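Quick one: the structure is below, questions incoming.
Think of it as A, B, C and D in the order they're written, each chain with its own count starting at 1.
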Amino acid sequence: MTLKLGVIGAGAIGQEHIRRCNNVLQGAKVVAVSDINVDGARAALQRLNIQAEVYADGHQVIQSPEVDAILVTSWDPTHEEFTLAAIAAGKPVFCEKPLAMSAEGCRRVVDAEIKHGKRLVQVGFMRPYDAGYRALKKVITDGGIGEPLMLHCAHRNPAVPESYTTDMAITSTLIHELDVLRWLTNDDYKSVQVVFPRVTSKSHARLKDPQIVLFETQKGMRIDVEIFVNCAYGYDIQCEVVGETGIAKLPEPASVQLRSEAKLSTTILTDWKDRFIEAYDIELQAFINDVKAGELTGPSAWDGFAASVAADACLKAQQSGAIEPVEMPPRPTFYDKK
Amino acid sequence: MTLKLGVIGAGAIGQEHIRRCNNVLQGAKVVAVSDINVDGARAALQRLNIQAEVYADGHQVIQSPEVDAILVTSWDPTHEEFTLAAIAAGKPVFCEKPLAMSAEGCRRVVDAEIKHGKRLVQVGFMRPYDAGYRALKKVITDGGIGEPLMLHCAHRNPAVPESYTTDMAITSTLIHELDVLRWLTNDDYKSVQVVFPRVTSKSHARLKDPQIVLFETQKGMRIDVEIFVNCAYGYDIQCEVVGETGIAKLPEPASVQLRSEAKLSTTILTDWKDRFIEAYDIELQAFINDVKAGELTGPSAWDGFAASVAADACLKAQQSGAIEPVEMPPRPTFYDKK
Amino acid sequence: MTLKLGVIGAGAIGQEHIRRCNNVLQGAKVVAVSDINVDGARAALQRLNIQAEVYADGHQVIQSPEVDAILVTSWDPTHEEFTLAAIAAGKPVFCEKPLAMSAEGCRRVVDAEIKHGKRLVQVGFMRPYDAGYRALKKVITDGGIGEPLMLHCAHRNPAVPESYTTDMAITSTLIHELDVLRWLTNDDYKSVQVVFPRVTSKSHARLKDPQIVLFETQKGMRIDVEIFVNCAYGYDIQCEVVGETGIAKLPEPASVQLRSEAKLSTTILTDWKDRFIEAYDIELQAFINDVKAGELTGPSAWDGFAASVAADACLKAQQSGAIEPVEMPPRPTFYDKK
Amino acid sequence: MTLKLGVIGAGAIGQEHIRRCNNVLQGAKVVAVSDINVDGARAALQRLNIQAEVYADGHQVIQSPEVDAILVTSWDPTHEEFTLAAIAAGKPVFCEKPLAMSAEGCRRVVDAEIKHGKRLVQVGFMRPYDAGYRALKKVITDGGIGEPLMLHCAHRNPAVPESYTTDMAITSTLIHELDVLRWLTNDDYKSVQVVFPRVTSKSHARLKDPQIVLFETQKGMRIDVEIFVNCAYGYDIQCEVVGETGIAKLPEPASVQLRSEAKLSTTILTDWKDRFIEAYDIELQAFINDVKAGELTGPSAWDGFAASVAADACLKAQQSGAIEPVEMPPRPTFYDKK
């Protein structure tokens, strides 16, 4: 049975997902697409050589009887609205991050989903599908380093445009760590503190770069994440887990080893799109498979809510310079992993 | 348009390809399967939840009007027969290695294909589809190390059973290097010499292990390949290209980096099936795409023939201890890369 | 001219320095040794096959007309007294850390030295003489990574005895980072905060292990140092400097690379004595050479004072959980590097 | 007791040894120096601030009653003469490689030494004193990789002048591997074959570069050594020992790890003088200590002879293209390691 997908939002990310679902993944096809810019959507479909119904309004996609499941890849502020509408229509929905523009908005999605009685939402956090993170998690759960005590992480990007502001280090960049570190440690954040080193000369007036975000978790772990978005040298994700008996570190991407000009070197990526490129395929195939199997298992609306609550605390900590609590309610049993 | 595939041979490899084509890859489905053991074939299809016509004889698969293209994964001695039959039927055929049991057999396939007037054969050499080998080749063709002068390679396996004999180091193990090193260097072998170190105590009476195979190529490169099939420590493929200005080495597979018990370590694979696992998907998807596009571009019958000629010279060199010529006729323009 | 040394304290460290000066280094010999345990000192000299005058009291060593320069390797609480006495006698003195038991004590040494009018004191901080740290510093000063913004460091030890308490993480362990990071960055600490992850099950009641010490420097750098003294896996020193254009990391000690049992590994040291073993030789040879040249250039009494002031702030921060200021007076020109 | 050394030859290497013995090492001093260019020798001593008797003729150094032991660092063709003279005078002699200009010359030294009845000669092969080679040997002797079966080695240099000819790859460059691989494996060469890849464009008419030298040892090991003296990228020594259960590789020199310009890199040396710089100190200190202890233990005249016999076979193999025997007589018990 081919799962019939409707895609809301045909911008860059939406087009990538459309291409993916039709041309790469198994068991699904895109039958409806919506975008404010209907002509642009049609042109994109033509380029991709894909036949699908085109609408101006995402709600039309959700309501279409031809559509079994929804992908929300529209303008961030519309994510909550379309996700709630999909839940109301009883249809599974893969929602790109952010789930909503606020923790309250995420909470509304959680409440709607719980009321519906069955998980319908997968949030587009792809790192749990990255082979490197999965291998790292396996070492930990297999007991390879004993109980985790500390995590030392970094999210580095070569350069960002002038439109990138201090808060976006949290909402655009750190948001991925906020989700994957909860998944990696099976823990929740308790408090967060943000410290600012001297600013790099490569930053601009509205961006304090780099930043260091320090977490304490509910189990007492300490996590530090360096966010450095004008690091110059490359796109580099680091994650080191220090346990009671050893340390496990996220794999470096495989690379040719070169001896040249008095250096022994491997390559560091420069384009963020290359770093987790397989994970996007895997997360969507997992969504498709889960929908067909009748049970979603990927990052949930609760995970989206948790990341949002943590992000809010990070933003507050950026401003206050103090240690800010991360007020997480206990996870409803509805969201327990089976 | 879904390409309709017929699979000849439903053993382990055949079942994997069937699974792959139906459940993982795009644009094809298996409609017919043959195996001497018809019941076994049916059972396999049931396990895979795949509907397809089952025959006792591969020729029935080839002749079926439902079948657009063929996969030959049967007992090695039958490969040539089925591939020739597929060519005679004018149908594209993906033939697992070996293309034939001898260089002469491969030559018959080449001649039949040339006579047909258009490439129909892709041989199942997967390493040219491995991301690591492709990255290595790119460094070379981009001029990153200057003209290649020497290659130092190794093909190591933890252990082999008593049925594995000295000649199989060439025909089963080295055969992959014989193809991929021609592809990597865009060169052909000129001569080969095999030397035998002292035998490992972990070998057995009918197997001299390890072996070192030394090639000279037509462009004058020197290639050494260590074949060590009872190396104990893991499944390990090494390929280092020494050029005029630098050295490029095949990537180690990505791995978690562990600090534990006074060692800083990464993992070495132990199961050969894991090493090129993505390449099998990629080579078959390439075959499917190429058939639909109307032009095959993967390892050709000529490549199968070249590997077979080289293997014969290696076997002779194992016996003689001398430097044996590799008598390669010039490549027909029919097989020039477009 | 052979520099005639007097060694105060013939315990483990004293004996090592005696051996070093007589048998390894150039241009000096030990002519006098003191220890409360005179017999033990005599026995040690006999074992080392070294002739020297033995005294019960370090002051006798200092006053001896045969002695040109002093090494203080006695019980920590006596360091200040003997160093002040050496200054009073106008003799150069190499004082093992700690220079004194308090910042005030270090300040007394500084004041005495300034009053004397010429540097006489070298403190036994050996890491600035370590080839790895020197190479790291050179990359920074050569501009290889742009302006340094952040340092991520770790000081890990396999296990400590029950006598090792929470404060010793600062006074025994971190004290080396407190000195070398000032040297590496050419900066001073401005504030410090200590956070405690969950305690490792391998610790004991009087030791919170691990700890993370967070510094802000006067130039605005942020430094984090993980101190983990029951890490189990080895003795491991890490130091990563994140600059505006790149990152430079302290070399791993050279090691055989092993492929064995499905792992590709290098060795991590387990004994702290092995990690900086050459640096002890180099720091003492530098002291000897500097004394003969007439000008001391190694870690100064001011560096000892600065480390002590920083350590006091760290101890306070351990207790308060707050961000504690590091109140460093400006460095007297007396201590400017020529 | 200070060992009084006489140095024959005050060129670059001689001056380095003079500096080393007087200023770095323990227990010896240079009391006499000879050089054809007496004024040059005097000037060198003045620069080094060393007092010693200066002679025109090395024999005067050997005969001087002030001289306990000799260092021969003169023009290669004079090594045998001076070493024989030192043996005749019953004085220990450290002779820089080559021991003599031919295997026969080395044999004469061996015979003279055996006739003398006690080892007097240490040959200046420094690699057995390199910490990396020692660590590698320890892994092997501790059984870490099982019985060694194959060695893959490389000796690479960035560039050589026009005066460097094809034979010098053996006599100047490979000579070090010829000694250290015997020491590493505790084995002797049985045969050698030299193969020539296509020549690098960076070579010149009288130099075939690179070359690959292939050995079989008496215990049946196979050793390949790539010699590439215009490799462009750096000075790089590689040595990988493949054993029955694993592989051990010579350490890369310790290096800062740099992330910069999309590369993760460590440094490769470019100057051959830096690669084994500590080993020169260690080999001479060992000579001094051994002379004082009354028993030489370093590379012997027999090792010099063995390297010379092997080198002759390599030169013959360069010419013939055939597998040439290495005719080593059995080692006299005189040279057995105690």
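Everything below uses one rule, namely that a contact is a pair of C-beta atoms (placed from the backbone, for glycine too) under 8 Å apart; a residue touches a chain by one contact, two chains touch by 3 or more.
On a predicted model such as this, the values are computed, not experimentally measured, just so you know.
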Contact-graph separation of chain B and chain D, given in steps at minimum: 1
Mutual neighbours - chains that touch chain C and chain D alike: A, B
Rounded Å distance between chain A and chain C, as computed from the means of their C-alpha atoms: 45
Inter-chain centre distance, chain A versus chain D - centres from mean C-alpha coordinates, in Å: 59
Chain centre separation (chain A, chain B; CA means) in Å: 38
Residues of chain A touching at least two other chains: 233, 245-247, 252, 259-261, 266
Complex contact set, residues of chain A against chain D: 233-234, 236, 252, 259-270
Residues of chain B defined as touching chain D within the complex: 146-147, 149-150, 152, 195-198, 200-202, 210, 212, 214, 216, 219-222, 224, 226, 228, 231-233, 242, 244-247
Touch list for chain B against partner chain A, complex: 23-24, 26, 131-132, 135-136, 139, 144-145, 245-261, 266
